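Here come two complexes built around chain A, the first alongside chain B, the second alongside chain C.
Showing the complex of A and B:
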């Protein structure tokens, strides 16, 4: 075990040798176990954190100060309520827990970031992608995942690489900040690629805007009906995306080429909710196992997938990418502690500022605002109930089925 | 114009589905003066029964309805006789607490049995539609709408033309007087709750057929919808839930057409508030049910 700890330490530039076990290091996280995210995205995030801690500990823990330290994970259920996430992180502070892993989602992370700042805690954000989080000048929040601006743009880029490329797209966007920002950037990218956005380039803020977590999006689909888009892109979370695909069929809204969505398609819950209707739908994702990346803790991206899915009983064809985000966030925090040689939050923060790590998740390096802008996003398509990477082309395992609707 | 017609058509069929969700809730509230917070949980339990019958035995959800109704009726009857009847004379807040607790027990049980994944009953027709000009009418929601109409008419006939219906009505108006007439109030209450549970199960089956469901977010939404529709339509009239559902469905659909989709809930609440200002007993409710005798 000690040898493993040395291995991990050497991998992140810590160097040195360990001489016994030190006190536990506590990672604290508010994670949704009930409520809207409780049984899907929150669950995936929780499993990612648990898998990371379990793997770190099985390899000797975190090495600093000449000793190896086991990691203890403290979890509290935020009930999928952003304000509760913030309260929990305040309680963590009162308990002396300074090293924070983010909740699932931009709303929760947005609420937690100012609390972390006020309490001089330090947080690694694994699943809150809204760029607005990083526009406030916070110094203690660092995100391993690509920002919200990449979600719809990566879909547009993937679509424009297909033949024939779509000429018109409609974008339905949920009312939350993440989905609205992703849609806004997507509209800009679509126009740059020569596509026409219907019913209008600003519809995602009005007629095709839907309430976050809504299960009825008929108003947006009726607004789109008659504009005959080649592709309908849904910038939203699971509930809205499922409702959009089902209700589009009911209302006779049939895009010529198919559907795409941001967060929902690369999650097992999307396929279980839609069944056959999920076939051919494109989705943007933060991580795919085909990337050429590895680290001493988790091994290669493929090894991470195999070990994670075996541990939690997922199919390797339907894996929740949010778990990879969570494990990467947890790993970044561990690497920063080793680099800092301390669990002092100020020292860990300084280490995160200068962190440059190649991991199973890809390259992790933070810009001046705390975002990991160097990491690309990927696009998958659901084919025969499996996630198939189709973009970028060098990672594609199969050709995209296109047009995706018959 | 075609968008207006599409929104109106969708509002009507969606309203029918909403009415179906509320009809059992309205019955229990009207007759027993119990605001049943476990109504959404019962609907989701019915959805799971239909889902199992579909996945395991390939049974079409419409053919599964009798099985769902019988199963939920039996469950509702037993729950009323063994549990809710214990507090039937207590203040309404106690019955609220009890049904809320029952709601939690059912939902946690469902989560243990099925996990909390979103489920749907896949059929070849529910998500399809037929076109009348530029207006598409979805088969699944249309069928649910007709089902709501049929059930409401049947319920109205039951209440007005049968001894059981008269007994339910009499017990709802004045329990003491009903007892003096030889009506076994406990049995009538249990039958009423059983019917409401069966109707909830049928509604859940339709929700699972045209949409998706899970044991975490779906029950609360259904209970809230049922509550709003019952208040809007009014108690004491078997057609109240259907009328309330239709008004709400059309208001939400047309409202979403004119304003941003995020205003849909606000529109629904505005309709409710305006209706209650003009008619405090609801659109077609009977004021009698606000001041009945409880002995």
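Showing the complex of A and C:
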């Protein structure tokens, strides 16, 4: 209770005193427990939400109206199908659940956002980064994570800081909107850093484009093979990234310096799937425990990592950053309720618009479209089966192994 | 059969008169029950929450899709695994017309149906010469190809970045229907598809489809133009699916190629027809309603095990009722013989 009082003061600049226990506050989320995301990304998201709710409740719940309120998490499996996520959120609306946490991924979040808007619910998006979600003028969707435009650009920035910096990069991109947009921004950044994109700057839309969630990306690798890039960057999700690294070896496609990928490398499932082949691969990530950030609920970023990995049995060397995204989304919603002093979705939305919070995840503040553009992204490298932060340099715990392939 | 198939052409008015003349309580009750259910579903809309309306909307969607698959896969015997191509094309036709050309949904809808039918005829003429597994694989490939074309026509379709149908403010060519509107739209679509399947099944053309299914060579020998029958059946099936895709696109507002060309749509259509009973009107209806509601129940109540249990139930139903639940019940009722083990022996041993 005391911790929550501190939490309210620190995060919201004041608040009432608590005098008892109030009714439960319900957070509702469609989460992928089965289907394409069920065994990895959906699971990590679910664990992040559960860990957040468990931690909030252990510290007295959410305080408003002079009372503390325990948080109840309602989840339903969306089977990794975007339309099912939308259907579930409609049913949440029937049940009176107005405070929504997003499903995993841009496709699901894209489908849910208009439903939330029409139902006058409010959603905090923890794992849908596609900037397209925020281009339609939706007023009730807020994302804590950095947008898709940052995923490949952060990798390019990290690579350009290495010595010698790569001169040529090839970009394989999945066909989904998030991956294509990330690749598009990456090409622009590569050109700005003086790199040449091979086989061409637009290849990610044609010859090196692969079907989303594909397990065969050989056509893209064959298109790259003759160009001998210094680095191959994979703008995709887990399945495509694993396939690209495996099939590159089989097809004899060997970049001079190494591989990099968005989303996939900073997940335990990537190392499990590739074993030693994952060594040296760079990956962009939304969160690393080295950041200097803390809040009264989760403590410091390192404390979040320790407590989360202990709770769910992950190694602290291989932690799913998606869980941190999810916990941060959940925390942002709790903070907004405290600030609003109400669970009324309109009041919570207003509170989210003006939210400025420093959390274990970093600074959370939304721009006029609902994106948290102030938060940077980070780059890790897999070294001895551990995630090692290598970018930005002030957070680096070790030197990058470079070139990353021998 | 030959006499029926060679029967002289009759005017529509004559057919209708004969249909009225031949009505008896015994053969009218399915139509009356269907009409009563339709009216009841219209009334039900006033009593249920918007989220439940959306659930029922998905049930109606699959009723239409299963009936459509049954026309080509059940009656005609050509198991198409590419139905989702028509669904995706219908969806994208509406989305592109509304998004880029500001065409109203009601004007875009018939265009979507035409696009679906034209594509069905274009691939049907060569592919319907294949039989069995070869036809199934070829249609699967056609659907994958259609998705990739949509994926790569970025300037028109938005490619992998998805497409949005404007539904807000003055940009919206047609006001968004909302959940009550889509409930009605999909209910009518389901009812029309059931009615169409019923009429087809009892028509001369329906008998031709069954003849092609039973023995295509024999059907040809008695004067049926089997190519025309197959292509028309494929086209009718595609028209329903494309129409469903068009409504689905408008309902979703924003979607990606992977959403509307998802092969699991086709797989579900096939499973629903097989579970319910192919080559009947009631089979796809019961299969679609049963499986959609079962899937929802399991998803809400069983968490991460829901798909496992769902799959196990499908396997059990296929093993014990290989002819489909509706046909089992119909035959068992007629013969007053309800032994499931005997049923398994009859069809399996």
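Definition applied: the second predicted complex is superposed on the first by the 394 of 406 C-alpha atoms of A that agree within 3 Å, B and C clash if a C-alpha of one lies under 4 Å from a C-alpha of the other, contacts with A are read in each partner's own complex, and residues count from 1 in each chain.
What we mean here is this: contacts are C-beta pairs under 8 Å (C-beta built on N, C-alpha and C of every residue); 3 or more make two chains touch, one makes a residue touch a chain.
What you see is a predicted model; the values in this text were computed from it and never measured.
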For this session: State whether chain B and chain C clash or fit side by side on chain A once the two structures are superposed.
Result: clash
Exercise. Is A:269 contacted by the first partner chain B, the second partner chain C, both or neither?
Worked result: first
Problem set entry | Partner chain in contact with A:209 - chain B first, chain C second, else both or neither | both
For this session: Mind working out whether A:90 is in touch with chain B, chain C, both or neither, as first, second, both or neither?
Result: second
Exercise. Regarding the shared-chain residue A:179, is it in contact with chain B (first), chain C (second), both, or neither?
Worked result: second
For this session: Name the contact category of A:34: first (chain B only), second (chain C only), both, or neither.
Result: both
For this session: Give one of first, second, both or neither to describe whether A:170 is in contact with chain B, with chain C, with both, or with none.
Result: neither
Exercise. In the superposed arrangement, does A:327 touch chain B (first), chain C (second), both or neither?
Worked result: neither
Exercise. Does the superposition put A:223 against chain B (first), chain C (second), both, or neither?
Worked result: first
For this session: State which residues of chain A lie in both footprints, the one left by chain B and the one left by chain C.
Result: 34-35, 38, 175, 205-206, 209, 211, 213
Problem set entry | Of all residues in chain B, those that touch chain A in their complex | 2-3, 6-7, 10, 14, 111, 115-120, 122, 127-129, 131, 134, 136, 138, 140-141, 210-212, 214, 216-217, 221, 252-253, 256-257, 260-262, 264-265
Problem set entry | Contact footprint of chain C on chain A as seen in their complex | 33-35, 38, 76-77, 79, 81-84, 86-87, 90-95, 107, 110-111, 113-114, 118-119, 132, 136-137, 174-177, 179-181, 205-206, 209, 211-213
For this session: Show which residues of chain A lie in contact with chain B when the two form their complex.
Result: 34-36, 38-40, 175, 205-211, 213-220, 222-223, 225-226, 238-239, 242-243, 246, 249-252, 268-269, 272-277
For this session: Sort out for me which residues of chain C touch chain A in the complex.
Result: 49-52, 54-55, 58, 148, 151-152, 154, 159-162, 164, 167-168, 176, 178-179, 252-259, 262, 264, 299-300, 303-304, 306-307
